[in-house]
Every structure is written in C-alpha cells, then in structure tokens.
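There are two complexes below, and they share chain A, which is joined by chain B in the first and by chain C in the second.
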Partner chain A sequence: MDRLVRRAPRAAAVVVAVLLLGLPPFQSSFTLSLLTQALVWAMLAMSLDILLGYTGLASLGHAAYLALGAYSVGILATRHGANFWVTLAVGVALAVLGAAIFGLVALRATGVYFLMITLALGMVVWGLAHRWVSMTSGDNGIAGVPRPRGLPWALTGALPFYYFVLAAFVLAFLVLWTVVHSPFGKTLVGIRESESRMRTLGYNVWLHKYIGFVIAGAGGGFAGVFWAYYNGFVSPADAELATSVEILLMVALGGRGTLFGPALGAFVIVLLKNLVSVYTHRWLLILGAVYIGTIVYAPEGIVGLLRDRLKARGRAPLRPAPSP
Partner chain B sequence: MARKLTVIILAVLVVIAAGLPADAQKGPIKIGVISPMSGGAAQAGKDMVNGMQMWLDENGGQMAGRKVEMIVEDSQGQPNIALTKLQKLVERDKVQVLVGELFAHIGYAMAPKVDEYRIPMLYPVIAADDLTQRKPAKWVVRTGWASSQPSHPFGEYAAKVLGYKKIVTLGIDYAFGWEVIGGFQKTFEENGGQSIQKLGAPLNTTDFAPYLSQIKRDADAVFALMVSGSALRFPRQYQDAGLKAKFPLIGGGTTFDEFVLPSLGDEAIGGMTPLQYSAALDNPVNKRFVAEYRKKYGKVPSYFSETSYTSTRWIAEAAKAVGGDVENREKFLEALRHVEIPDSPRGPVKLDAHGNPVQNIYIRKVEKKDGELWNTVIHTYPAVSQFWKYKPEEFLKQPVYDRNFPPCKYC
Partner chain C sequence: MTFEFLVGQIFNGVSYGALLFLLAGGLSLIFGMMRIVNMTHGSYYLLGGYVALTVMWRGGPFLLAIVIAALAIALIGIGEWNAFLKRLSGQELGQVLTTMGFALIFQDLALVLWGGDPQTIKLPAFLSGSWVIRESFFPVYRVFIVGVAAAVALVLWLVLEKTRLGAMMRATVDDPEMARGVGINVFRISMGVFALGAMLASVAGVVAGGFVGVYPGADFEILPFAFVVVIVGGMGSLKGALVGSLLVGLLDNFGKALFPELSYFTLFAPMAAILAVRPTGLFGRA
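Coming up: the complex of A and B.
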C-alpha cells in the first residue's frame, strides 16, 4: 500500500497535465483567461513556497517581486517598444536584484520579525510604484501593455496566449522541482526543521537561506512578467500588501512544502474570486468559509490533507495516524 | 385527428406570437455594470447600482421599446478582477453597453480593452482628467465629470468672492487628489491668490494630527480634499485641533458629499465645496428625484446615485435616437456622444468635443436644516467645461495636474 502513497502524486500529475493540455481548446475565451490567470498566480505561489514551505520563512513581501517583473514589462513594452525577451530578462534581473538587496536586510531576522521586515520592504516597492510618477505613472498605473512582441507566434487569441503561459508555468515548475529535489533543496528543508543542527553539521545556513530567498524572488519576477502581459495593465495594486497576503494564503490553502499545493491553492482562490462572485455577491462568505475550513480541518493545506488520508489508508487501521 | 391537432397547434402559436412584443426576436438590451460591490468602496458601488435600478423601475424596465436586462458584476475594487468581469460581460453575456467603476486606475486599465471590444462603455463616476484630455479612448463615454472641472470655477470664487489671499491645501496623496487641488490652485493663483503650502496625506490615513500641526498660521483658509473614509474622520479632527475657528474649511466636492454628510456632525457646518451636483439643488426634477430615492432606499442620494441615474437615462436617449438598434455599435456610440439632457437632477448636461460633460458647477455650503446636513447651493456657474475659460488646445499643452504641477511658487 505504500506504493499507493508514492504513486498518487505521479498519477495526479499526469491527470493535471492532460487536463491543462487537452481541455482548453474546448473552452470559451473567458474560461481560458481565468485559467491563464490561475497559472500566473500558481507560479507566484510556488515560488513563495520555496521560502514558506521549504525554508520555513513566512514572507509578506512577495508582491514586491511580482511588481518588479510587471513594471519592467509595463515600462519597457509601452514606452520603449521592447520585445518579450528583453522584458523577461530585465524583469527577472530586477527581481533578482531586489531580492538580493532585500535578502541582506530581511535574513537578519526570523519568525515574526522576518515577516515584519519583508512586509516593510514590500511597502518600499509599493511606495516607489505609487510615488515615482515619472517612471511608474503613479497610482493611475500603466495601461495598454501590448501582447508579447518578438516571438515567432502572434499570441493574439486567448488560446495561444494560454499555451504560452502554460509553457512558462511548466518551465517554472521544472526549475523549482529541480531546486527542491536537489541537495540544496534538502538542505533548506533541514534548515526548516532545525537550523542549529544544520549549523552544527557545518552548513552555511545564512547563505542557503539567502540563495533560497533570491530564487523565490526570481520566481516572483518571472511570474510578474506574464502578469503584466496577461492584464495589459500594471498598477501599484500589484505591489499592495493585500496581494502579498493573497499569495501567502494560496500557499497555505493548497499545502506548503509541496509544489502542487500552492499551484492548487492559486487555482482555487482565483476561481473563487472571479467565478463565484459572478453567481453571488456573498462570495466573500464562501472564501472565508474555505479559509476557516482549511485552518481547522486541513492545517497542512489541501494537498497535505490528501497525503495524510492516503497514508492513513495505507497503514493498519489500529495504529494511530502519524502526527505531523 | 391530425388536422385538428395542426389547427390547435397553429392557434396556440398565433396566440403566443400575438403576446410577444414586436421586436422580440432581438431580445432585451443588455447593460453590463461593473462596480465595487464588496470591499472598501462597496457602499458607493451600491449607490451606483441603486441609481440605475431606480431609473429602470420608473421606466418599466424598457428603453426604446425594448426590455432592458442589467447584469451587475463586482469588481472588488481591484483592476485585475474588473478586467476579468469586463471580459465576462462582453463574451459570455454579450452585453451591448457597459457602465461602471469608480477608481481612476481601473478606468485607465479598462479603457484600452473597451476599445478592443468596441462596446460603448459609460464612466459615470471615474473623473481622471486625462480620460477626456490627453489619453482619450474612443469607446469610453464619460457622463460624470473631470476631477479638476469643479475646481477651476471654485479657485476663482475663493479669490474673488470669498476674498482669500493665502491658502494651504491638504489632500489625499493620489492622482485624483492632486487633480482636484491642481485645478483649484491654478485659477486661485491666476486671480491673485497664493497657495502657500501643499500637504499630502496617504490614502487610508486615520490620524491627520501630523498634517494639521504643520499648517502655516498665516493662511486665510484651508482647502482639504478628502474621500470616503478620510472624509468621515477629517472634519472632526480639524475641529478638535482648534483650526475650524481660525481657518475656514473649504475643499473638493468629495470632502462633504452626500455620501458622507449623514455620518458627520456639526463639525461639518460651514464647509464649502464645489461639485456638479447637490442633493439640495432647488429644481423640480431633483426634488422629485431626492424624494423618490429616499422613499425607495431610505437615504439621500449621493452624486454616485445621481450620475448613475442620469447615465441610465443617457443610454435610453441614445437607444431612442438609433431606434432601438443598439446592435449597430458605431451608430449607437455616435448617438451616445450626442445625447443632450436638458433636465437631469444635476441640471443640463451634454458632452464637449473631447467627450467630457459640460454642466453646471455648484458652489455648496454645508448647512443644517431640520436636523440634517445639506449642501446648500450658494452660487451656480452655468455650463462649465473641463477646460474652464481656457482654449482646449492651449490647456492640453500643460501637463496633467499632479503633486508638482502647478508648482508651489509661494511655499
């Protein structure tokens, strides 16, 4: 029965891949753009999970990297006619640079203090977006971001753009998957479990955390680039605290410490916000109920809950369920 | 038997057909509405929907002889949600006309998409100057106002009639705030006044003490631009700081609009602001509108309600002008741009060549009548354009008003 536990993620991955690849051609462009949006948020949530899930650092500043990536596109594509590759390179580079600087400050602290410092640093980026009007157009935002230029495909319709973002998502997933399954990723988990033990074993804990922090930032910037192209619009709302909180909630809802979890959380929240609110103005109640339900019944998130269920089924019923 | 059945079926069909309106094959006119129905701006969003619903109810839910279906979507006050809802309304619901929103940045975000979809969209509230000045969108029809539009006449009024020489401005630090203040500063200074200090407080400021204590003591008055949440708190703090007795409080229209007045106390009395509407406007159309609105929704209509009410009529007038053929979008858009309403609650309205309403601007003073606060109209500037007395071409050469424009020469 242990095989079941090991095989379940693989089976799920195959099912998800088939759905993501095969269903879209039969969907309306409205549904397609919701799926595209969910993929972008999934990239954001997965990158944040490097910090929250794998390293055990809760950051409230992830929207900063989203904004750095998005504003790179907004500014370069509308004012300088830059092509996709330039905006992607600059967007990710800026996010890496931002994370490299912020990491130096934030990683001096842990726990709540880390949370507060990342929050403050996130607000710095929001402040720049809001106040540096000549560069960012202030709170009016930058409108009219065109679809990616300089690619062999035109990407005009909703379907080509969906596959374009899906490809980016797969790339992000593979990179992050490689990171978390590498010795480096295992070291991060070790740090999460016991920082002092890792230090005693001779690991440079700070450097590992720092690199993890920068990778998460780079992932945020990468997603931000696609966010700007998807919306055609960039504004300080992208850098807001509420956005950071939302990404954090996606990770918590889906299940931190897994890559599937945050992606799933992103899908659930994007669909709840956009689709449920079409049917009822009381959608906030439903969203709230989902959060509370998760905290009470699935503190490890949806994926964590499924994993525990599978494990519980695999074991003899007499033995108590393993405590997390 | 078969023949009998055929006759019966035919008879039934004839009865059904006779019962249908003449142009039933066209279906209803669908109006898509995007407004914040949850989050911080939900109340204003509801005021907007109420205004629209009221017009429809009064007119049997019909425009140009066709039934009207209104589909309301919640933008949650977020640009990306608003864009998704815009797409939903256009692609899934196939609406023929859109109405919506409140926030300037969402207006800017939607405008290019609206042009892409080629569906006319009315902006009854969004006031960002450049939407009808330096960055116009073909398919966006503004039926509300431009931020600096009421400020221009008011700057002149403050200098000439009120006789103020030196003014301190304190505004919410975002684009709308600076546009309102910029328009005021420009005409105030051109009429001999001096703006001696420009203070900006972040949106969602709860404690204004740090700003109030900075106010220069040689000012004649303070011009404050507040919105919703800050408008609720500011007048009391201004009075508690002992400033009300020393410096009269004037400001932008939203500082004392009908949206916040019921929640304010005597501290608001005397506040003077300009806007294109006041619930206290003394004309028969408005009196009826206010009475009916109160009966229906239990409160005084705000400018959000009035502009949405008038915008709904706007759509109806345009639909009538094209004989109900709103499916012909180019023609419908043309008709929307040429609507003239001589008797809306706020007074006569029509669009200028740049697509912004030309309308009366009312100088209003908060007074207490029968235990309620009202914006009594003390002066009317008739038919004010967004360009005031300037030539549009010359006006458009200057940058849009912001934190640094006009510069604070006398600070």
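Coming up: the complex of A and C.
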C-alpha cells in the first residue's frame, strides 16, 4: 500500500511533465496564454509553500514580493530599456532585500500576529505602488512592458514565450525541491511540528525561519519578473491584499507542504477563473464558494484528498469487511 | 504650515479616526476573544451602507436607516459565525480563507443588488453645513461622527468594565478555557461579540456613506485600515482600538497632506516600526 502512495507522485510528475512539454504546440494562443499564466502563479504558490506548508507560517503579504519583482521589470524595461538579465537580477534582489527587512519585523510574531504583521508589511508595498506616482505611475500602472530583451531567442510568439516561462518554472521547482529535501528543509518541517523541540535540540530556530522567509520572498520576486513580462502591464493590483489571499488559496487548495500541490492549486484557480469568466460575470461568487469549499471539503487540499484516497484503497483488502 | 492648516488636518484626522474606531472596535474584540481573522469585516461595512441606502430610498429617515442596517448586518454576522466560523477556532488559515470567500460573495451580491455606480447617502438637514470658528471650517457631519464614536466608546467601556456581562466578556478574552470552567457560556458570548462587531462595522458603513459614499470596492479599501488599527492598538483592547484609530486617522491625514507621494508609506511604515518593538501592539497582551 505504501508503495502505491509513494509511486503515485512520481507517476503523476512524469505525466505532467509530458503534458507540459508536448501539448502546447497543438494549442490555440488563448490556451497557451492561460498555461503560461498558470505557470507564473504556480511559481508564486510554490514559493509561498516554503512558508505556509513547510514552516507553518501563514503569510498575508506574499503579493508584496510579486509586486517588487514585477515593478522592477516594469520600471527598468520600459524606461531604461534594460535587458532580461538586468531586470531578473534587480527584481530578485529587491524581493530578497524586502523579505530580509520584513522578516526581521514579522518573525517576532507567530500565529494570528504573524498574519497581521505580514498584512501590514504587504500594505507598505501596496501603498508605495499606489501612491509613489513618479516612480510607479500609481493607479494607472505601467503599460507596454516589452517581451524579454537580450536573449538569444526573440520570444515574440506565444509558444516560445510559453517554453521560456516553463523553463523558469522548472528551475524554480528544482531549486525549491532541493531546498525542502535538504537538511535545512527538514529542519523547517521540524520547526513547523514543534518549535520548542527544535530549539531544545540546539537548532537556531529564528535563523532557519528567517532564511525560509527570505527564500519564499526571493521565489515571489522571481515569479513577479515573469508576471510582468507575461502581462505586459504592472499595477497596484499586483500588490493587493486580495492577491496575497489568492496565493494562500492556491497553496491551501492544492495541498500545503507538498510543493507539487500548490502548483496544481494555481493551475486550477487560473484555469477556473479564466474559463468561468467566459461564461458568466458572476465569477466572484464562484471563487468565493471555492474558498469556502476548500476549507469545508478539502482542508488538506487536493493532494491531501488524493493521498487519503490512495491510502484507503491500498489498505482496503487488509481490513475486515465492515459489519452491516 | 499655518495654524488653520494644522487645526483642519487634526480635525479631519480625528474624524476619520472616529470612523475607523467604529469599524475596528468590534474587529478588535472579535480578534481578542476568538482570534478570528475576519476578512468579511469590510463587507459588513459595505453592506451596511447599501442597506441604509435602500431604507432611505424607500423614504426612511437617516437614523432609522442606521438602526435597520445595524440589525440586518448583525443577523448576517450571526449566520456566518454559526454556520462556519465557530468550527474553525484556532485554524487561522481556514478562517482567513473562509471569511475571504464570504467577502467575495458579498462583494458580488452587492454588485448584483445595488449596481456598480457610486452612491451617496443624503444627509438630513440637521447634519449638513459647517460651523465656522475663527476661519476654520468644521462640517457638522464630521462632528456628529466624532460624537457617535465617542458615545460608542463610552458605552462599550462602561459595559466591559462596569457590568457583569462585561466581566464575563473580559474573562473570555483572557482565558476562554477557565471562563468555560467557571460556568460562563463562552459560546453565546462569542456569538454576541461577533454580532456586535458586525453591527458596529455596518454603522461605520452608513456613517461613511454620508461623506465618502457607498461604492463597489469600498470593502477592500477600508479593510486594511481596520486591520492596522487592531494590530497597532493590540488585539482585544478597547483602549488600543481607540488610540490606534486616532493614530491611523491622524497619520493618514498628515501623510496625505504633507507627503502625497509617500502617504501610505508614512502610514504603514510607522505601524511596522511599532510592531517591531511591540509585536502584540501598544495595549495588547500576548
């Protein structure tokens, strides 16, 4: 039975990899655009999973790093003609810097207090995006972000750009995968399960959480860079509280602490959002129901549901038949 | 910076702070007692304004509109709490996502029921106009808001500090388990506080409808401010909510007047600084 549970993710990963690589050339540009968008949000959700899933810290300010990455691109690429590598370096560096500062404040708290402090810090970034008009163009946002420059390929069509973002997604996944399976990642899980035990064992709990916080921020900034290039447009909506909560939803819906789950959650939400809004204007009603439904029916997310299902199936023959 | 400018900004800051207190006072009690991160609080504010509008469109007077909005939203709050939130105690993520779900649903329902155009609540004659004192204008309505907030603060303080019910509420904030142990119906008190919070938020929404209007998006616009007030003041502390509201109201006004480009930064950055020193807020207990 355990073998089934252990093998399922590997099989699923192979299937997903084949689909992501092989299907796109046969898709319309609308579908390609949706898939690209989903990949970007999957990167965001995976980076938040380092905090929420592996360290057990629910952050309400993850959109801040998305915005730091996205605005770096928006400002540098439209006003200074910067190439891709410069925008990527600055975007990630700014997100790391932001997380390094915010982490100092936020990690003094836990639980509800951590939620609230990260919310306030997220609002600092939103406030700058909204009001620092000379730098960010305020509510108008920054339009006309070009496709990445300074690369050996032109990336003009939807398909090359999709593979470009897919490569970034794979890189992000591998880096985060390495992090969570390293001794450092295991320590984070230990802290999630029992902070006091880890402290007694001699681990520097604060430092581990802090580094986890910065890694999550860096991942957010990385995704933000690709978001700006994908969207061609950056606005304060990227830094909004609602965006932060939506990333939380993706992680929870997919299954926190699984890395693969949050990516799946991001795909579900992005596809649902775009497909449902084609048919009805009442998309928010449905999204609201998804929020509530996730907590009521799948508190451990889709991956959690599947895992339980597989385990139950593996165990079934071992159990005596239920008495009527 | 002239004296008139200073007086004007202080007055605007205090009246905005009064509005924030109406919104955040209940949120703070909800936090303190149930540790519920309530993303629906902004929706109560928005729906309150819309219900009052409907009452007034049907010819109801302003004060009746406030009462009906308060009762209607309190019922919605009780329903939401009973159906979902009471089972999620201690699950922060579950609470955030569930209440966010409700916030989105309410936002969309409001759009369906009341449309997307901004509306204004028409003020009764006795609340219109301004008092002029030595070249400074004081709109009567803003004075009224400060009065309402002061009255609410006073009543809440009296109830919390001087009555048996208040003692039970404070006991529930301090230690729900012990409170249950000595025979306090924590369940009913929590529900009451949740309803009270929803009610005050809706009153804030009606009152705000008189000067900033009622419009789609107002719910998520005001929500972060309410949260910031609660965090800075300290969750569950009435005094904290009062001080926090005034602080946020004044910082917001002076920030917007003096550093328009950095105005939200001048609001949220000092908040973060306070939290760096006191993670539980100014008057909060861990």
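Just so we're on the same page, the second predicted complex is superposed on the first by the 308 of 324 C-alpha atoms of A that agree within 3 Å, B and C clash if a C-alpha of one lies under 4 Å from a C-alpha of the other, contacts with A are read in each partner's own complex, and residues count from 1 in each chain.
Convention: a contact is a pair of C-beta atoms (placed from the backbone, for glycine too) under 8 Å apart; a residue touches a chain by one contact, two chains touch by 3 or more.
Worth saying up front: this structure is predicted, and the values here are computed from it rather than measured.
Novice: Please determine, from the superposition on chain A, whether chain B and chain C clash or fit.
Specialist: Chain B and chain C clash in the superposed model.
Novice: Who does A:284 touch here: chain B (first), chain C (second), both, or neither?
Specialist: Both chain B and chain C are touched by A:284.
Novice: Have a look at where A:72 lands relative to chain B and chain C in the superposition and call it first, second, both or neither.
Specialist: Neither: A:72 stays clear of chain B and chain C.
Novice: With the two structures laid over each other on chain A, which partner does A:187 touch: chain B (first), chain C (second), both, or neither?
Specialist: neither
Novice: Can you tell me whether chain B or chain C touches more residues on chain A?
Specialist: It is C that touches the greater number of chain A residues.
Novice: So in the superposed three-chain picture, is A:60 touching just chain B, just chain C, both, or none of them (first/second/both/neither)?
Specialist: second
Novice: By the touch definition at the top of the document, which applies to A:111: first (chain B), second (chain C), both, or neither?
Specialist: In the superposition, A:111 touches chain C alone.
Novice: For A:252, is the partner it touches chain B (first), chain C (second), both, or none of the two (neither)?
Specialist: second
Novice: So, A:119: does it touch chain B (first), chain C (second), both, or neither?
Specialist: Only chain C is touched by A:119; chain B is not.
Novice: Scan A:133 for contacts with chain B and chain C and give back first, second, both or neither.
Specialist: After superposing on A, A:133 lies in contact with both chain B and chain C.
Novice: Using the superposition on chain A described above, determine whether A:87 touches chain B (first), chain C (second), both, or neither.
Specialist: It touches nothing on chain B or chain C.
Novice: Can you tell me which of the listed chain C stretches (38-46, 110-118 or 164-172) runs into chain B once everything is aligned on A?
Specialist: That would be 110-118, the only stretch with clashing C-alpha atoms.
Novice: Taking the stated contact definition, name every residue in chain A that is touched by chain B in one complex and by chain C in the other, in rising order.
Specialist: 130, 133, 284
Novice: In the complex of these two chains, what residues of chain A are touching chain B?
Specialist: Counting only chain A, the residues touching chain B are 28-30, 33-34, 37, 130, 133, 138-141, 143-144, 231-233, 235-237, 273-274, 277-278, 281, 283-284.
Novice: Touching chain C in the complex: which residues of chain A?
Specialist: 52, 58, 60, 102, 104-105, 108-109, 111-113, 115-117, 119-121, 123-124, 126-128, 130-134, 240-242, 245, 248-249, 252, 282, 284-285, 287-296, 299
Novice: Which stretch or stretches of chain C touch chain A in the complex?
Specialist: Per the stated touch rule, the residues are 31, 35, 37, 39, 84, 88, 91-94, 96-98, 100-105, 107-109, 111-112, 220, 223-224, 227-228, 230-231, 235, 260-265, 267-269, 271-272, 275-276, 279-280.
Novice: Which stretch or stretches of chain B touch chain A in the complex?
Specialist: 37-38, 73-74, 76, 78-81, 83-85, 87-88, 91-92, 104-105, 108-109, 111-113, 128, 130, 174-175, 402-403
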